[in-house]
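To keep things simple, chains are lettered A, B, C and D as they appear, and every chain counts its residues starting from 1.
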C-alpha cells in the first residue's frame, strides 16, 4: 500500500460559491475519492490544520505527497516548507498540481521563478502524450481534452524537466509543458498542470489516471541513503 | 509475472575452458538462475537456435529481453535485429549487458559507434550509484566492488543517457558510465556494464539485484500505442 | 568562417509547378541566400550530383551540413549515409529540416522510427520558445507564426531530445516538439520542423534566424578526438 | 568582449600561511590572470567589499560570474544572493567552482542539499571528458591529471545535470561528476569541481582552459526575455 497524503490549502472552497459548487468538500476530498483505495492508503491535510496537517509524524508516514495551493502560498510556514523539502530529499515523492507551480516548496525544489502565462477563459485544453514509454502515460489515450480550463502558457520558468511526459495545446493559441518529472535528492517530483478550482477537472477519469500513475512513479524506490561528509580512502594513496 | 527472455550468444562457454569453468551451462543459465522466479517468468534463447531463439512468437511473449553477446555479433541475422528493434519500438524492454555494447541491436538503437576503451587485467571495479532516486538503484549499497573485472573506459560513444544511474571506478585509473537508461519508441533500454565471460560477475548478489531492478524498470508500462500518419484536424481550420 | 553545406534532394522543384513557383532555384538556394555570408561560407549539394554532391572532400570541408529531403529518401545511397554518419561522429554538425525526419541519416542517428502525424491543410503554426537560455533561441520573439504550413503532430518517434528548444502549436489542435538537439559522437544534431515545399517558409526571417543560430550552435567545438580500444593502465594494478 | 566578474570570498588567503604561499593575491587574482584578456574583460569582487563587491551596477555589467567560496558561505548576505539569483534568471552565466557547491547561490539554484563526500589527502585526481561534443571540452586532452587535490565523492546531491561533461577518478577509490551544466531561467550554470585552496590548481593550463570554455558557453545568448502573467488569447475562443 502506498501511503498518500493529499494536501490542499482549502481556501477557495470555503469562500467562493462558484468553487463550492464544484468541490463542496474541497479539492483534496475530490482527489482522495478519485484515486480510490486500490493500492493506495490516502489521507488529507490542509492549511488551516495545526502545522498545516504536515507534522513530522504525518510526513514520516507519507510515501507520496500531493500539493494543491493557489491564493495562500504565503501563508504556508517556512518551517513546514523546510520539513517537506527535507522529506523529499529523503525519498518522499511529491506531486504538484496546477497553481501549486507558485508554491514555496515547488519554487525551492526548482530553483527558478516558476512563473508562466495564464488566462481564465473557459477554453479547451488538449493534453498530448509526448513520451509514450513513460509509466505516467500508462493507460491513457494519445491525447485527451478538458473542455474548459484555465490556460497556462510558455515560457514556464522551470529547469528543463528530466522527463517531459505531456504537452498541452490551448484553444487560444498557446502550448505548455504540462507533465514534467525531476529527481531531487532521493525523492521524485512530478508537476501536472490541470486543475483550476472552478472547473470539474479532478473528476475527469484521465486526469485521475495521470495522478494515480504519478503516485506509483513517485513512490520511494527503497534506495539506501547515501553517506556524505568526510570519507576515508577505499584504496591506498601513495605519498607524493 | 514479467516475462523475461535471457539471450546469450553462448559461444565462449562451448569452446573456452576458462569460461566453461565459470559458466558451465552458459551465462544465460547463470542469469536465469540468479534472477529467480519471484515475479519473473524466465526463458532463455541463444544464437545457435533457429532464428537465434527469437521467433516472432517468443518476442511477442517477452516483456523484457536481456542481451549478452561478444565474439559473434556479426552472426546475428539482420532480420532478427530488425525484429527485436520493432518489438522495442512497440514497448518491449531491453537490457544490454557488458560486451553487448557492440551488438547490432544496441548500435542500431543508439545511433552511434558505441566503442570504448578496454583492458583485461583482473582489476578491481567499484560501481557507484550517482542517482539514488532511481528504481534501478533500489536496495543497493552506495557502492559495491567487483574484485576482478575487465576494464571499460571513457569515452563510451553513446548518446547522453536519459538517466545515468551508475559510474564505475577502475583500479587502473579510468571511469565509465556503467548504468545508463534511454527510452526508444515505447520501449525502455538499460545498459549495464559488468560481466566479462571469465569472471563470476553474474553470481554477484549486487549485480543480480541491478538486473532484477532493471527488469522491473524496463517492463512495458501499458501505454496505448500512438497513431501516426495522415491526421484529420481536431479543430476547425479557417480558410486563408 | 563556418563552412556550411546545404543539401537538398531537389526533386519537387524540378517537377511540381506549385513548388517551382515558391522555390524556382530549389530550397537549397533559398536557404543559402537566406543565411547569407556573415560568418558563413556556404555551398550546396543535391541528390542528382555524383555522390549526391557529398564527396569525402566536400564533407571533410564541411563544418555544418543542412539536410532537406522528402520524396527521394530511398534514393540516397547507403554508402553516402555511412559517410555522413561517420563525419558526424567525427564532429560535423547536422541540421535536419522538416521532412528530413524520415531521411536515412536522421533515422540512423536517432535509432527510432521517426514517424509522426501530418496534414496538409494550409493551417497556422505558432512556434514557441520553451528554452530561452538556449543559443538557438537567440534574437527570436517568444513565439512566431507561420500562417500556412503543413501540420506535424505528436507522438514524434524520436529519442527524448537532449535539449528541447521549440514547441509548435497548430490551428487544427496538435502540438509538436519542433526544435530539438542531440549530441552524437563528437557531432551536434539539430532538428527543426518547418519547411513544407509549397510554402515560403525558408524566406521567413525568424526561420532563417533559427537556422543561422543552429549553424553556430552545431559548429564543431574543436574537441580532441577520444582514443578507444585496448588501453594500458594509468595506475598500478595489484596482483590478486 | 565578455564581461567576467571573478568573485572570491578571499578569507583563507588572508589568514592561512599554506594558502597564502599558493595564492598570495587570492584565488580571484590567480583566476583573473589565468583566463587572460583574449575576448574577456575581467574584474574581481570579494566578500569584504561593500555589498560583497556585487552591486546592482556590477551585476548589470557582468555577463559571467565566477564563484569561489568555502569557509564564509554564511556571511554572504541573503539580499546579495537574491540579487545574483535574479541576474541569473535574466541571463547572466554563473560558474561555480569547487567548495562553492555549498554556497547559498548554488544551493538556491539547484534546490537540493548539494552535499558530497570529501577528503584532504593530497591524492591524484584524473578528470575524464565524457561528452566530447561539448564546447566546454574544447581543446582538452581526453583526460588530465591533478597530482594533488582534495577528493570529492558521490553521491553529489545535485539535480541530474542537463549535460555531464567531466567525471573525476580519485586515487582513493571514488568518482565524481565534476563538470555539470544546467539552464536556470535565461541563465546558464556550470559547476566545475577542482580547486582546493592549498593546491596550485588554478595555475593548471587545463583547468584554466575549462574555465575559459565555461565562460564562453555561459555567456548570455541574446535571448528576448519571455513575458509572463495574464495573457490575451492569440486565437478566437468559442463560447461553450
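One rule holds in what follows: a residue touches a chain if its C-beta (ideal position, glycine included) is under 8 Å from a C-beta of that chain, and two chains touch if they have at least 3 such contacts.
Chain labels with UniProt names: A, B, C, D = Trehalose utilization protein ThuA.
Just so it is clear, the model here is predicted, and its values are computed rather than measured.
Path length between subunit A and subunit C in the touching-chain graph (shortest route): 1. Per the C-alpha superposition, subunit B sits rotated 180 degrees relative to subunit C, a value rounded to a multiple of 5.
Two copies of one sequence, subunit A and subunit D, touch each other mainly through matching residues, since over half of the numbers at the interface are common to both.
If you average the CA atoms of subunit A and of subunit B, the two centres end up 32 Å from each other. One finds 36 Å separating the Cα centroids of subunit B and subunit D.
In subunit B, the residues that reach two or more other chains under the touch definition are 126, 129, 131-132, 142, 153-155, 160, 162-163, 171, 173-174, 183-185, 226-227, 234-235. The touching residues of subunit B, counted against subunit C in their complex, run 89, 108-113, 115-119, 121-124, 147-148, 151, 153-155, 157, 159-160, 162, 171-174, 182-185, 226-235, 237-240. Residues of subunit C touching subunit D in their complex: 91, 126, 129, 131-135, 137-142, 162-163, 171, 183-188, 221-227, 234-235.
Subunit C makes touch with subunit A in their complex at residues 126, 128-132, 142, 153-156, 160, 163-164, 167-170, 173-175, 177.
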